[in-house]
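Questions regarding the structure given below will be posed in turn.
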Amino acid sequence: MLKLLYFARLRENLGVAAEQIALPAGVVDVETLARHLRARGDAWARELAPGRPIRAAVNQSMAREETRIRDGDEVAFFPPVTGG
Amino acid sequence: MLKLLYFARLRENLGVAAEQIALPAGVVDVETLARHLRARGDAWARELAPGRPIRAAVNQSMAREETRIRDGDEVAFFPPVTGG
Amino acid sequence: MAIRVQTEDFDAGSELRRLRAGDRTIGAVASFVGLVRDLASAPVAEMVLEHYPGMTEKSLAAIVSEAQARWPLLGAAVIHRVGRLRAGEQIVWVGVASAHRKEAFAACEFIVDALKTRAPFWKKEYTPDGPRWVEARPADEQAARKWEGGDDESAQRS
Amino acid sequence: MAIRVQTEDFDAGSELRRLRAGDRTIGAVASFVGLVRDLASAPVAEMVLEHYPGMTEKSLAAIVSEAQARWPLLGAAVIHRVGRLRAGEQIVWVGVASAHRKEAFAACEFIVDALKTRAPFWKKEYTPDGPRWVEARPADEQAARKWEGGDDESAQRS
């Protein structure tokens, strides 16, 4: 299983804050997970489109496209942060 | 007249905090004033010796050796500052 | 190290006192307060700060640890508010204590710069034209990058 | 601009509130507190801060004006104590308000660096070995020089 979280504009536009999914076949890192989610179409394809300013965290640490994902991980997608 | 002020270690070692003197002949800037005061000998010669880390202010603005001095000015001598 | 993420306001004066309490070798305390700006050209009645519970605290603690590894600090603390905030309200407080001022200033600015790009907070402003998510500023990425690599001296001053 | 030279202690929290009161375009406040350090290796029971009344206020005001000319500030204040101070007590407070943090940090550090070399204060420490005048630190001259010349960018960061 993967725990997926979405924040801010992504949470609003995707209409979901959190979900649990089985680790999809072929998903090994952030990039392949994003590709898997884009395949859901509509808002997913738009919000996670390559080139959009999206950040990800794996197990609550900032991640890159090539950051590995394993069964049981918590992965979050969100826009660039704007705190402080 | 000149109003002369001495602060911190200088005030202590010279034994004077303030004095009024007539503008001495030949005194045109901080350097010639210091030379005039050194001629008093003893602590004056020691404390104002060339090469000692002494600072001066003319009319309450930081001054240099070549800063002009005119009748009526307020001139202060003191060690490098250590506030803050 | 004290890290707090909270909806309530804070008192910078009390935080400063707490930061320096009990350590008389502290000679310098630098601190920062970030506020909700209200511009006539773009009035913001209020904003909501969303965050990522768990990761927020973790990332702030990592930033402060990094500052402590980089400079000889005698104390550091971060308070970041979340939830509904009105114009003029305090958003964030960062305080750093050290023996001398140079380290205190550098570490305090480093922490603020780092949390602007690495801590998971998102601002949504409510304006007369409706709500809008605040866009990340390229200047923030730039400010954070100036601390990367090199020795402390160049990191602080280049 | 508020400049105060006083024997009494001050409350940094109240000063911060005063600095940002009434201007909602302020987004950032950087501030600094300098304290009397008490080191086990060189215990200082107390110190006396001597100053040059008249020139002190004038030089602090000139330093703050210089900061205001150099950065777009929305407020700046300095409080410096004089007279008898004990270990752990506050010596100086500098606060700077601006729209964004970069200017607030730069101006605050500039003011502290400048007053260390240009404001007429002298510290005399009373130690178990007797009284001694504190020597000026070459590091302070160096810190002040880094703000000299050049444009703001290089002045802030070089």
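Residue numbering begins at 1 within each chain, and the chains themselves are lettered A, B, C and D in the order written.
Going forward, contacts are C-beta pairs under 8 Å (C-beta built on N, C-alpha and C of every residue); 3 or more make two chains touch, one makes a residue touch a chain.
This one's a predicted model, so the numbers in the text were calculated from it and none came from an experiment.
Taking each chain's centre as the mean of its CA atoms, B is the chain most distant from chain C.
Separation between the centroids of chain A and chain B, computed from CA atoms only, is 72 Å.
Averaged C-alpha coordinates give centres for chain C and chain D that are 22 Å from one another. Inter-chain centre distance (chain B to chain C, centres taken as mean C-alpha positions): 47 Å.
Note on chain placement: the centre of chain B and the centre of chain D lie 26 Å apart, centres being C-alpha means. Under the contact definition stated at the top, the residues of chain D that touch 2 or more other chains are 34, 112.
Listed by label, the pairs of touching chains are A-C, B-D, C-D. On chain D, the positions that touch chain B within their shared complex are 34, 49-52, 54-55, 58-59, 80, 91-92, 112, 115-124, 133-137.
If you check the complex, the residues on chain B that touch chain D are 5, 7-9, 11, 53, 57, 60-62, 76, 78-84.
Considering their complex, residues 11-14, 16, 20, 24-39, 87-88, 99, 101-102, 104-105, 108-109, 112, 139, 143, 146, 157-158 of chain D touch chain C.
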